[in-house]
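There are structures below to look over.
Below are two complexes that have chain A in common, paired first with chain B and then with chain C.
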Partner chain A sequence: MTRALAWAAFLLGALYFVLPLVGMAEFSLSMRREGYSLDAYASVLAEAEFQRTFAFSVAMALVTIATGVLVVVPTAFWVRLRMPELRPVIEFVTLLPLVIPAIVIVFGYIRLYNTGSWLPLTGTAAGTNLLLAMGYTVLALPYMYRAVDTGLRTIDVATLTEAAQSLGAGWGTILGRVILPNVLGAVLSGAFLTFAIVIGEFTMAALLDRPAFGPFMQRLGQDRAYEPSALAVIAFAITWGCMGLIALVTRTQRHLRTGAR
Partner chain B sequence: MPATPDRSARALSRWLGVLPFFAFATLFLLLPALYIVVGAFRDGAGGFTFDNVLGLRQPSILNAYWVSIKVSFWSALLGCQIGFAMAAAVVLGGLPRSLRQPLLTFSGVASNFAGVPLAFAFIATIGPAGLITLWLRSDLGIVLQAGVWNVPEQLLWLLPGQVRFPRFTILSTTGLVLTYLFFQIPLMILIITPALEGLRREWREAAAVLGATGAQYWRMVALPILLPSLLGCMALLFANAFGAVATAIALTGPALNIAPILLYAQIRGDVLGNPNLGYALALGMILVTAAANAVYITLRARSERWLR
Partner chain C sequence: MSYLDLRDLEKAFGANRVVKDFALAVERGEFVSLLGPSGCGKTTVLRMVAGFETPTAGTIRIDGQDVTGLPPNRRAVGMVFQAYALFPNLTVAGNVGFGLRIAGTPRAAIEARVTEMLALIGLPDLGGRYPFQLSGGQQQRVALARALAPKPRVLLLDEPLSALDAKIRVSLRTEIRAIQRTLGITTIFVTHDQEEALSMSDRVVVMNGGRAEQADTPFEVYNRPATRFVAGFVGTLNLFEARGSGAGTAMLGEVAVPLPAGAPAGTGPLALALRPEALHLGRAPGRDVVLPARVTEVHFMGSVIRVRAEAAGTVLAMDTFNRPDAPPPAVGDATEVSFAARDLIVLGD
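Entry: the complex of A and B
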């Protein structure tokens, strides 16, 4: 009885998730009147704007990941090593992006860094790109910080640091060649999640008027029929790929750890 | 006792280590948010005023908030219930253990599959020319947009020729709730599964030994323990839906009057005709999501007392 109910709940739920995925896949293959074809994909991939915006968003994701690592890893390391009393404050700040909607943050950027302000970032394309990358880093902060902090918990930060210092290492060497390799799995997990978030992000890119993938998808959705579904399939595949890589990294780490013991 | 130069230099270098983080957070998170909050209480000349916040009482703005709250509430409530049912089915319902990990992995993917592509998937499925819409119309005679069921011949002995039901289109609040569930349910599954796994077998056995039925165990033991978690998840899902912009814009365009879309239009083109009113609108959104998150954090702390 319980089991039958459980199966019913699970299968009905699964149906809800499968149907839109089937719908989008079917639609993306239906561009030709007779039978299925990959025409919609060919049409999307050949679009110059697709290539341009996709490349832009990939570059944005990479800059975001690099900035995130540079901001988060030294901070999380330093707080564990020297300033544990600051932990609650830092954790609170890193959780704020979940509380303040992205649209409000970018609204603040537009007003705070406009052309007439003390730091006119939105005045130039490079400045706006920088602002967008910083905005994405803020969006990724909760995930990145938690991943790295959990990673640091599994290693003995103080001993590693002392050992490195007694061998004459400076802070740069300690961070880059001792700490970072030890939390690489956590950093990669955070990085893949960041990639998944950034690649199709719409709100910030649209409001800062940057040629990113998200706004491109939205525009295409307004004036094409089949191509948007093809884009949705591609976006879903990217998200799936990122999550798969996270699972892979986590599993490899676990193997390496148990193997080392 | 005055600190020796050496000690204060050391304290300074300690703070130097977290300086980059605080500089980053101040410039790109705290200051922009603060600017909005302060702006909400400023008039055009920079003086202090409550006019902007009071100006939110226009019917169109109040309506936008209200529709947003309704959509977030329903998607959170249904997301909680369905997500709980699916997680409970897999954790407690005796389904094969091998289903658990794939469900969690899929939930990770689906909870991150929000925004523009998600809207496309639902338009392709249940939009005006979507897979299910066309199938219902051609095979069953159900026209969703019109709310009419042209009953097929085989069933005419049972039903009249036409049955009317509430119209459905994806470009509506119902459509929005249906779409939001695609990331709400997985988020619920991800948060509630650890809580369900934390329900100890001994509690169930103890209840059974004392003569409790399954229903009594749930009503008097399991649900009271899970209640803070469930309400907390509900608050988190509410905030999650309330701040969502991209899905709504890609799904309905500027047609639907909800708070994030109104704010989006205001930032792009000052549709309210008063820049400072925009700040107040944004402040309102922060307050709603902050309240929901405060409820979540408080209740999570409570639930951790039992579920360790």
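Entry: the complex of A and C
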């Protein structure tokens, strides 16, 4: 009886999530009156703006991931190695982007870095792109930090560091050749989450007026009928693709660790 | 000057002084063990030599060079850890060659040295394996090869056998000692296992409360402990609370016992000790002191029989070899215990 109720609750939940997706996918295939087709997808993919905005967002995602890795990995490593008492503080700081809305952050940026400020980043496209990448890095911080910190928890950071030091390694070598390779799975998990966040982000890109994928999706939704659904399915596939890659990498890492007695 | 010279070392963590006035001179090629209970400061001394801890006071010199302020990666000191600390992302060959790659050694020279090291540790065919594919003993051998590959000036071993099972420990300690002798590398070995320290070392430093209580050969440390702590910590000991009676004798209960040369000549309380193997159940030639005793426990352990008997107001433990023609004594038997007065150890503070 309990088992049947559990299955019923699971099915209801699954339907609640799956039915809207099925409806959206079905609608995205219904551009032709005579039957299903991929016309909406072809139309979206043929859009020059789709390609431009998608390429821009991918580039921003890569910059965000690189910045995130460069900031988070050494920070999490140092906190774990030398300042464990600061961990609660760092965790609190990394959680702030979850409680402070993106719109507040971006208005703060505009206020601080406008053309009349001491650092007029919004005065040029490159400067605004840099500002957007920094904003994305902040947005992705909770995910990247947690992923890396979890990865560091699975290895003996202190002893591996000391072993490398006794063999002549400096801090750069230790981070690059010892720590990073051993938390690569965790870093990749954080990177894929960052990628998914950046690809769909709207608020910062729209308010900083950058040609990103999020605002493009919003504009398309205003003007067309079937294409927005097709675009949503594409965005959904990208996100799920990232999740799948996380699962794949995590599984590989788990396999390695199971043997690491 | 000694090859490794530790002078007046001190280390404090806040108000807690974990190493106090520690001095040790180690000759080139010598194998010295730091032996002591948990928290005695032995690992802290080792970590100061490695550079992982900075001494609060004192100096560390290796081959005449003052390394006290040098970071660990510039000391040319190899270290083997209790938890192996092999890099999980590298193969065995990658691990062994790590230090050489850091030093910028040419690839061919690295390959030759890795092959040489793997042969030395008896794992010539395992270069392509990852650490998780090795047993604990194999991992520790690889860790040893990794530490030795860059030809360090000093090898530091931080309880390297503690995580291994008993059988592997015994075989690996013989191997480590053989490799150390082959290479002639100056080695400091930290352990809390007295059997390991006594069986492997040229000298043993017994530590207690951050201080070195005695630094001497295993034979001297075992047979002539300098302090009451060393006597109690190294090996099993029978303690007598005796009273000096002047003229080089002491009273053990009602029996007058001649004291070894150098014993205090006063008439005050005196702590005397005897190793279990110095006691004999019954009378025997050459055992000039005889005490009446009563057997309280008998443990038959195969080739050895450990007997406990009450004598001179204390319970004595003694070991005798099993003899098929002489059954062990029974609990409650009235008997005699004898020993040679020269085997008595007079304990200091």
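We take it that the second predicted complex is superposed on the first by the 253 of 261 C-alpha atoms of A that agree within 3 Å, B and C clash if a C-alpha of one lies under 4 Å from a C-alpha of the other, contacts with A are read in each partner's own complex, and residues count from 1 in each chain.
Just so it is clear, a residue touches a chain if its C-beta (ideal position, glycine included) is under 8 Å from a C-beta of that chain, and two chains touch if they have at least 3 such contacts.
Keep in mind that this is a model prediction, so the values were computed, not measured.
**Student:** Return fit or clash for chain B versus chain C, each positioned on chain A through the superposition.
**Tutor:** fit
**Student:** Looking at A:L112, would you say it contacts chain B, chain C, both, or neither? Reply first, second, both or neither.
**Tutor:** first
**Student:** Scan A:P101 for contacts with chain B and chain C and give back first, second, both or neither.
**Tutor:** first
**Student:** I'd like to know which partner A:Q165 touches here: chain B for first, chain C for second, both or neither.
**Tutor:** In the superposition, A:Q165 touches chain C alone.
**Student:** Is A:E49 touching anything from chain B or chain C once the two structures are fitted on A? First, second, both or neither.
**Tutor:** So A:E49 meets neither chain B nor chain C here.
**Student:** Is A:T173 in contact with chain B, with chain C, with both, or with neither (first, second, both, neither)?
**Tutor:** Only chain C is touched by A:T173; chain B is not.
**Student:** On the combined arrangement from the superposition, state the nearest Cα-Cα distance between chain B and chain C in Å.
**Tutor:** Checking C-alpha atoms only, chain B sits 9 Å from chain C at its nearest point.
**Student:** Can you list the chain C residues touching chain A in their complex?
**Tutor:** The contact residues of chain C facing chain A are 50-52, 71-74, 76-79, 81, 83, 85-89, 98-99, 102-103, 130-133, 136, 143, 146-147, 150, 156.
**Student:** What residues of chain A sit close enough to touch chain B in their complex?
**Tutor:** Going by the criterion above, the answer is residues 2-3, 5-7, 9-10, 13, 16-17, 19-24, 26-28, 70-72, 74-75, 78-79, 82-83, 86, 90, 93, 96-112, 131, 134-135, 137-138, 141, 193, 196-197, 200-203, 207, 214, 217-218, 221-222, 225, 228-229, 231-232, 235-236, 239-240, 242-244, 246-247.
**Student:** Please output the residues of chain B touching chain A within their complex, sorted ascending.
**Tutor:** 14, 17-18, 20-21, 24-25, 27-36, 39, 82, 85-86, 88-90, 92-95, 99, 105-106, 108-110, 112-113, 115-126, 129-132, 181-182, 185, 214, 239, 242-243, 245-246, 249-250, 253, 260, 263-264, 267-268, 278, 282, 285-286, 289-290, 293
**Student:** For the complex, which residues does chain A have touching chain C?
**Tutor:** 155-156, 159-160, 162-170, 173, 178, 181-182, 184, 256-257, 259-261
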